[in-house]
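Order of writing sets the chain letters: A, B, C and D. Residues in each chain are counted from 1.
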Amino acid sequence: MDFQQASTYTEPQHLLRDIASRFDRERVAISFSGAEDVVLIDMAHREGLEFNVFSLDTGRLHPETYAYFERVREHYGIAIELLMPSPAAVADLVRAKGLFSFYKDGHGECCAVRKIEPLRRKLGELDAWVTGQRKDQSVTRTDLPLEQEDRAFSTEAHRLLKFNPLADWSSRDVWAYIRTHKVPYNELHDQGYVSIGCQPCTRAVGPHEHERTGRWWWEEATARECGLHAQNVVKILG
Amino acid sequence: MDFQQASTYTEPQHLLRDIASRFDRERVAISFSGAEDVVLIDMAHREGLEFNVFSLDTGRLHPETYAYFERVREHYGIAIELLMPSPAAVADLVRAKGLFSFYKDGHGECCAVRKIEPLRRKLGELDAWVTGQRKDQSVTRTDLPLEQEDRAFSTEAHRLLKFNPLADWSSRDVWAYIRTHKVPYNELHDQGYVSIGCQPCTRAVGPHEHERTGRWWWEEATARECGLHAQNVVKILG
Amino acid sequence: MDFQQASTYTEPQHLLRDIASRFDRERVAISFSGAEDVVLIDMAHREGLEFNVFSLDTGRLHPETYAYFERVREHYGIAIELLMPSPAAVADLVRAKGLFSFYKDGHGECCAVRKIEPLRRKLGELDAWVTGQRKDQSVTRTDLPLEQEDRAFSTEAHRLLKFNPLADWSSRDVWAYIRTHKVPYNELHDQGYVSIGCQPCTRAVGPHEHERTGRWWWEEATARECGLHAQNVVKILG
Amino acid sequence: MDFQQASTYTEPQHLLRDIASRFDRERVAISFSGAEDVVLIDMAHREGLEFNVFSLDTGRLHPETYAYFERVREHYGIAIELLMPSPAAVADLVRAKGLFSFYKDGHGECCAVRKIEPLRRKLGELDAWVTGQRKDQSVTRTDLPLEQEDRAFSTEAHRLLKFNPLADWSSRDVWAYIRTHKVPYNELHDQGYVSIGCQPCTRAVGPHEHERTGRWWWEEATARECGLHAQNVVKILG
């Protein structure tokens, strides 16, 4: 079965309705990162669709991002489930390597503790999740389908689907939507930030720089995935 | 027994030596908050005393504070044990009340989740802890002894001592020490910050303002304790 | 005579050489605003052409812009002639209307005092000036020629030419040049700023916003010229 | 005649009334620097005294300082006369030495152009001026009288008096007044700044640092006068 063809709803709103109808509410959720993927929440809201929403709180987000989570929470009247890392796992990493080991050893180890493990725990409770990934975000995302089996988080016992309703949208599309619908956005976007992740691993980009140059800029472009979407990388390298 | 009289070492260095000699290394630790109490770490270092050090990482500290933790870690060649809150407890609070409930309901509930419970777990493993509290910091600390039974965290089964080697020092003394010994300090101190806690609950103070006006400024002065040193408040209110 | 056809050098470097050969060195100058038009200075430098350079210092530039002037000065080993406004004219305006009258009355009056008059004095000494204007910068610049008579500053007694060697370049071209040739640029560009003028009249722009939305954003798009290039507006309105 | 004894009004308000009665309104003015000396303006306002107010606008002030000038202007309904430097003098200095020569050559040369000459022109029209200087500001001001002949700016033909109504006030007194009377103050004071001058020559000070360490910090303490009050230095060195 080819998951890329599975969904025939190319408008994100249609796909969201389709997802809502196919899954039990407690078995699917939107992953909200505090940046542009708020568009998914806005669309669900306008469509009258009730999706659970979770956000990875690595403990190292910008103060502006926490403020933004709150604005989204209040604006849409929704609860946001924060997924924080295991205190023991963070303490172990920090005791061994300090708080900025990613600059030396790459971001993989820190992302594993602060993002992947909390996400894995959560995804274990779900049949599907919905992300704001887009093809134009990265060289690792150019083949991104609207719907796919999540090979990074599925297990033999538990098959997980991943939906990317904005896969075909450009960054320009996303921002046109945000401005047209007056969607709340992270105030860092007004300070030169485009793609926003953890504070020490995110920076503003200059005029006409690709948005992903603002993430893990000390590493190679093909490594600029945090592991949430690890299968993207596998594809490229494979 | 009166714990206030127990220690006769009024010089902090002498008290630190006394503490190191009285407790098993794994049963005592310095609580380092990322602000001025680095003086304790510096003194221990110069005295050749090996103390464990822990810091409460609430997940809401300033980026500058994490950078500072790292500088201290590298400068002294020590490990810092980060105490983070329970992911489930944070998620519960945020699901119910969002990320800034403290501005409405007071900081007690959030501090309980992000500071007190992680600290309680840690203190359960110790016989004594060492803090940077000073009498001049707050109206709630004017009677602070060098050594005291920690009534907030002792249980019937487990008696805990608390040492405050800097109790008699003024803020000016602390800063004279920092400058004389070129001790690394949080860069926020050069931006008007004096007492530094969590990012949303800390602000810079103006010229000649009391340092505690920079903490939980929307609450009454007698409430400006986070619960770590709850017995200070009990005394005042009692 | 049609000045638009006068210059047949479409590569900016060729045009710069042409200009240098046609005018006495003291009768032509590059107008450097502290933003992207540094490209002209860099090209002249690489071509071995010695152009005088002036900058309008309105007294209200960003601290980052002054720092940038200095970096350019040192990098290219050139002198920059600062054109400041008449103290009496500024004092008169401020006495009458304060320091932020442009937010209420439009920017024209303040630009007249702080930019146009100092520029007019300088242009009176020149036969030609060279600017970094581009067609893609604004709805008022879509017809911009490489060479034109400067109708705003020519007088009956004194005819002035204006050259816009970058007229056909896009913003993307400019930035590609800056990055390829490691040309120093204003650090504000790394904080979301694109077009940079005076501090109170400039702001960062969000993702995919047009660069001129960062200038005089409280006024209509057709009014977003400061008068230096007033004939652009005349054309549009005419 | 000893000018130090001339004034017997030790309360600043009394002295201001005395000054207002002794001089023609157009022959005396308050020098307002955009920092704490707003207290003089507030006192005059409460006393119903109409003083002219001038400020030295060096062209290098912080954006926050210009915003503050405006707040003061609006709050008290007064005009502020901005004294800007001669465009030609600034251009000459910058052409020769760039925009930051003070870091290498000391601040004297730049202050001469941007502060002293504009001030000298203004003081030539006055019989007396009123400043916010205090004894506790600097090692160069410990003998500061309430009233003095201004030896730096008097000429044989023109004798000038200088009044320092706040000479005996401490920094703490000034801030108590500002807070009690809700006097508008420069927002930089909430970011660690105490004494505020030009942007490149001012910085925030850390806890318990002397306020003048925030000015011209790369020079000796006895040189930390800009020439406005040059006779203070003469005294010390003499």
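As a convention for this text, a contact is a pair of C-beta atoms (placed from the backbone, for glycine too) under 8 Å apart; a residue touches a chain by one contact, two chains touch by 3 or more.
No experiment lies behind these values; they were computed from the predicted model shown.
Considering every other chain in turn, none proves to be in contact with both subunit B and subunit D.
Summarising the inter-chain layout, the chain whose CA centre lies farthest from the centre of subunit B is C.
Look at where the CA atoms of subunit A average out and do the same for subunit B: the two points lie 36 Å apart.
One finds 42 Å separating the Cα centroids of subunit A and subunit C. Measuring from the averaged C-alpha position of subunit B to that of subunit C gives a distance of 54 Å. Touching two or more other chains at once is no residue of subunit A. The complete set of chain-chain contacts reads A-B, A-C, B-D, C-D. Residue ranges of subunit C in contact with subunit A, taken from their complex: 171-172, 175-176, 185, 189-194, 204-209, 211. Taken together, the subunit D residues at the contact with subunit C in this complex read 57, 59-60, 62-63, 66-67, 69-70, 73-74, 79-87, 90-91, 94-95, 98-100, 118, 199-200.
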